[in-house]
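Both complexes shown next keep subunit A, but they swap its partner, so subunit B is in the first and subunit C is in the second.
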Partner chain A sequence: MTSITDPPQGSFRLSMLINDTRYRSYTFQFIALVVLIGFMAYLGMNLVSNLAAAGLNISFDFLGDPAGYDINQRPIEYDSQSSHLRASVVGIINTLIIAVLACITATIFGVVAGVLRLSNNWVVSKLMAIYVEIFRNVPVLIWIIIIFSIMTVSMPSPRAFRGDDPSSSMLFDTFAFTNRGVYTPKPIFDSGGWIVVAVFILSIIGIFAYRRYATKKLYATGQLLPTFWPSVAMFFVPAILVYYILGRPITLEYPELSGFNFQGGIQLRGSLIALWFALAIYTGAFIAENVRAGIQAISKGQTEAAASLGLRPGRIMNLVILPQALRVIIPPLISQYLNITKNSSLAIAVGYMDVTATLGGITLNQTGRAIEAVLLLMLFYLTISLLISAVMNVYNNSVKLKER
Partner chain B sequence: MKKTVLFGALTVAGLAAGMASAATLDDVKARGSLNCGVTTGLVGFASPDANGVWDGFDVGVCRAVAAAIFGDPTAVEFVPTTGKTRFTALASGEIDMLARNTTWTFSRDIDLKFEFTGVNYYDGQGFLVPKDLGVSSAKDLDGATVCIQTGTTTELNLADFFRSNNISYDPVPIETNAEGQQQYLAGACDVYTTDASGLASTRAAFENPGDHVLLPEIISKEPLGPLVRHGDNDWGDVVRWTLNALITAEELGVTSANVADLAAAPTDNPEVNRLLGTEGELGAMLGLEADWAKNAIAAGGNYGELFEKNIGENTPIGLARGLNAQWTEGGLIYSPPFR
Partner chain C sequence: MSDTHAHSVAFVRTETLPELPPPASQAGIVKWMRENLFSSVPNGILTLAAIYVIYLIVTSAFPWIANGIWNADSLAECRTILDGTTGACFSVLTERWNQLLFGFSYPTEHYWRPSVAFVLLFAAAAPVMFFDLPRKLLIFTGIYPFLAYWLIWGGTIFTPLFALVGLVIGYLVYARFVKDSFAMGFFGGVIAALMTWFIGGYITEAIAPAEPFLEAVQSRNMGGFMLNMILGVVCVSLSLPIGIVLALGRQSDMPIIKWICVVFIEFIRGVPLITLLFVANVVLAYFLPPGTTFDLILRVIIMITMFSAAYIAEVIRGGLAALPKGQYEAADSLGLDYAQAMRLIILPQALKISIPGIVNVAVGLFKDTVLVSVISMFDLLGMIRGPILSSTDWNGVYWELFMAASVLFFVVCYGISQYSQWLERRLATDHR
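Up next is the complex of A and B:
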């Protein structure tokens, strides 16, 4: 009766590592791993012995020495006597500034262009197609340089604003557009200024709370509360009231021509604008394609079903299509954000002092610590990329299909 | 297939390991040409002409070294480098020598592990401003926007100068001279600062050079010279003594016009004979042919000829010899004796 016998157990022979398909793949993977480790070790030892032969060593002490050079865009206190480490931190902050600005702007461009490309209006959809094809197919470095060159050549220099009959003048006496950048007024906060800001933020929170309350009430009792005008009122009234009650604690500092340059106000450097705009518009074209793909991935039946329920086209997009499309859009969007962050290292092409320009450029050059500087740079970009991925993955999990 | 790739990679890595210690002169001879790092383009010092042939004062040094080794001044590969890439190029062995308006400083010599083989131009950092800016001294530049090349001594000197004079400025970092020129002419910076010789050469390329002036202040010492990697003294000697040969030739009156005659037979002047190889064994001691110096001088002329032809007073750049006159004429150009 016992015609079925168990397969022989435990009798493992060495030859099975080659002959038995169950083990063979492990054998090869193990060999590959050993070879890889050996190769890496060989390269590493090569590096160490070459450095020793050239009389160099790996040391990060240089980070504590005075940098000796100046940086134009300083989000934190920095001068030429500060350390290389501080110069690197200034660079890191500048990288983050450009990355955040460009990611936000690229998303806006991308979503608008992606949605409009599907528009039924022939002109609009073709215009968007042209935008996508032109900006996607020319390298971003070229865009950065083109935008920067156009700004430097076509805008007036501050000199043109001088004299009794200047050839250029400020817009509304408030904004100055020069080839060194754009100058805008800067808010100055007196002691009560922050209270006004706090009240403003509170009223925005209030608006959301009120709207949620109104929705709840609608579902619970069927009574429709007005939302638009109350929201507008809450947006403006409390903040303005507090502003005057406290005696106008926020004033604007206007840019003013003095000496060689405009002083006061906020200066958006030409290099920042060129880099920001180029990254945003270039990556925006890719995001537009992601958005289009995401929307097209939602079957037409969804639109038709929603329409037959009587939803208007705008609502169909916002309530039915986009929430589903986001699941398709988010994953490639993560990699676009990573691209922006990494492409921001092209900053030095227009003299924007990001971390590649400070640590990986001037510091590396003045100290000759190439390996150390490049290792630190790799570490920085790796960390920041992994952080972005992590954050975006959390968001992705929150919008993805909840399986029940 | 996979194996060959792996062994290929190993050989490349092995070669890289060998490079740091190998004798550069042997490598250059085996390769049949010299890899010389120069600027990306600075008229008079190093720039390609309409046919792509490099010419200039620094290029002349490269050509003289190639002629000393091969007897052929065209056996040079010119590698354009920016202020930022030049040291990596030299340290990695991509170039054999660097002749690129490079200032001899302590840290480059000691910390970056290079060896400067002499000085071919004594310079200092100056400021170029448009005349209509109405500035007559660098001390009036408080708040000005200044264009500087990154990775240079220029940016360090500038920081020191403004700091010690307690005035502020807004630096605009640029990578090449061409970019600096564009920014400066567009008015994106008020001032362009670099070595005074570089400013003279840049200004010569302007449409209206007369609209721009050099400020009187020279804020630093910039001894510019060719350099090689530290640790290969034999190779350093070849470059050093080729430059010295050009300088000595001027001092002794040996020119590209008469060098062939003077080298044909021993003359009355024993130092000329030793220099040109009609007496003694100097060439062999360097590992070169006996007529090495003759070839180097014939390549582009002696030091004075190179100067006059490329950057001298009769060129658009119009630099006077000044500090760069022979020591016998009150300058600093001085070669140790050939004996």
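Up next is the complex of A and C:
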């Protein structure tokens, strides 16, 4: 006797495409695919006919043509005879410069504000709460423009530094804040300069190696090596020693007033400063909230358990709270970095020449290649954000709680 | 015993002493200050530093605001009145408030229309935001979009009226057929609505009066803070259903649909909004049928809606993922099909979890609407940087204008985020 619960073994009928859940999903996917392809084809046909009507075509040849415009901040060799491609590369480097600077500064602001907001000190925690709320709730573009206005309107012009009794003076005779930007000293590397830098980097690696060795020794033998003062010594001593042995190969070039403007030193333009600080302060407010949430997410029992094991407060923070809090803090922190990179495209509002302003601004307007330029621009940002997401996924997997 | 003891010593107090107040250092404001402000030396230094910062901010800002001039006609006149003392020139706000709020080409005599729409927005949003209000009020929320469109853009009332009628007919058809099958109800509703709009279009053309009750205002005349509000409200409301569909698609078992949604969401989230606005400004026209003219505000709405839909989809996906698997299994074991399970079991719970996230996206999006000033639309920031700062009267009034813009945005965004926090507490049904 055959079981009556056996499914009917009928042959395939067309109606099963709609009624049978086994096949229905194929029908839906097929419809979706057809609709998508149809939609794309419709857009594509519109594009072709519109381009034909305007006498245009899709071509990336314009990237090889001379750009014909100047860029005020050139990290690599560039002049107005360089190609549009090179202008875009300059823009990309400028974007990365601002993104890295703003990420570092925003992290500092955010961590300080987030920790201070949790402090028992009433005045300090309220001050930080006000900072976070004010900066989070006003658009970043307004902050960029406000700081840009401060840099260009409120700062003295270089002329104010002239004369016997100037109305403005340089800070410590090294920094000049003018409406054309901030001038800072520039390090000049003589022949041995790079050796000093190399020694410095090596000593930082040495500090980490020493700390790792100390931990290993602690776990193996129980012997506690001092780490703080040796680290400080390793940080300063070798580099300073080499610096003097090689006869001070690194010198600073100070900005000096000559003619109508400052010469020498590094000029940080108002647009760079505006973008940098606005992004840092704005995103710092968000990071502060992430840091606060991360620390608060660790239950009080963890602190109490660590304290009852006899750990000192500093150790409780370092060994128990922070490792757990970082797991909560780092993913939103990385997506804030992503936001900074994307928001750096607002550079166009203050004339900082990032990739949006070169490729998506002047190049687009000069060549009229809107589709190609915007496509390349999107691809660049997409690559950056996919890279950052990839890093985040690797990190998330490495710190994931290993359960069951 | 106690009696004998009483005789053996000279004095025994028989009543309790009244309680003394705690020592001055352990009570009241002194104790509070010792605990909260000066508990340790670094803490004390921090407090003093913070107080010094507050002092600096207050002393520099207070005279500037207190000496503010509210009734001058130009910056030059302000400076004459101030005569060298520190003071703000708020008269730019009193003179140009209309441009800041409504843009420079919205007809002056019609300012009451967007104002009424703005006030009614609160009435429309209230039943959505506060669950305790009677559900009947949602009817007004449903009517509001059409009413607001009619108020702000003006023109014949029949256009929004037929749009509304089409929606109602579509809903009635959907409600009639959804009991048999969701697909039939959904597509039947869509077809009924489309047919109504199609027919309504002809009727409107035929019967629209030449002189409508509310004079039509072109989209390009919208500006100022009103434009920010329009973009924010419209894009968030439109992106919510799209976001739900995208989130469900991303969770789907069907690989093709899943990948379409994943690619769309990740692409949109991977590029800055400003590149999407460039698309709206210069590229989108190439992809539309030849001869169509879209106004810029509509193109911008399309792109911003796509942008926020991708973000909202991610928030809702989080809500869907946070639901226990048992809910999905329970819905399946009741014999509900996919549409019923989602509509009746999953989405109500998932959306409830995602409300705070959605509100955050909405606040972020509202702030991002100032980006349209980069593609030369005259929103609040565009008005300030364009017509007002470049006018001869007010060239140089930076801080007053930026402060006004910041205050406007701060009030709205802070209000919404406070609401979100209230809602979060309200919705927290777990016992902590």
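As a convention for this text, the second predicted complex is superposed on the first by the 369 of 404 C-alpha atoms of A that agree within 3 Å, B and C clash if a C-alpha of one lies under 4 Å from a C-alpha of the other, contacts with A are read in each partner's own complex, and residues count from 1 in each chain.
Operating definition for what follows: contacts are C-beta pairs under 8 Å (C-beta built on N, C-alpha and C of every residue); 3 or more make two chains touch, one makes a residue touch a chain.
Just so you know, these numbers come straight off a predicted model, no measurement behind them.
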First (subunit B), second (subunit C), both or neither touched by A:Pro139: second
Subunit B versus subunit C as contact partner of A:Asn46, first or second or both or neither: both
First, second, both or neither for A:Val153, with subunit B first and subunit C second: both
First (subunit B), second (subunit C), both or neither touched by A:Leu279: neither
Contacts of A:Met378 with subunit B and subunit C, given as first, second, both or neither: second
Partner chain in contact with A:Ala370 - subunit B first, subunit C second, else both or neither: both
Which of subunit B and subunit C A:Val199 touches, first, second, both or neither: neither
Subunit B versus subunit C as contact partner of A:Ile340, first or second or both or neither: neither
First, second, both or neither for A:Ala106, with subunit B first and subunit C second: neither
Overlap of subunit C and subunit B interfaces on subunit A (superposed complexes): 43, 46, 49-50, 53, 149, 153, 348-349, 370
In the complex with subunit B, residue positions of subunit A that touch it: 35, 39, 42-43, 46, 49-50, 53-56, 68-72, 79-81, 149, 152-153, 156-160, 179-180, 258-261, 263, 270, 348-349, 351, 353, 357, 361-362, 365-368, 370
Touch list for subunit A against partner subunit C, complex: 25, 28-29, 32-33, 36, 43, 46-47, 49-51, 53, 116, 119-124, 127, 133-134, 136-142, 145-146, 149, 153, 342-343, 345-346, 348-349, 356, 360, 364, 370-371, 374, 377-378, 381-382, 385-386
Residue ranges of subunit C in contact with subunit A within the complex: 35-37, 39, 43, 46-47, 50-51, 53-54, 253-257, 260, 266-267, 269-275, 278-279, 282-283, 285-290, 363, 367-368, 370-371, 373-374, 381, 385, 396, 398-399, 402, 405-406, 409-410, 413-414, 417
Touching residues (chain side subunit B, partner subunit A) in the complex: 6, 9-10, 13, 16-17, 20-21, 83-84, 87-88, 91, 107, 111-113, 133, 141-145, 150-151, 155-156, 158-160, 162-163, 169-175, 182-183, 186-190, 229-231
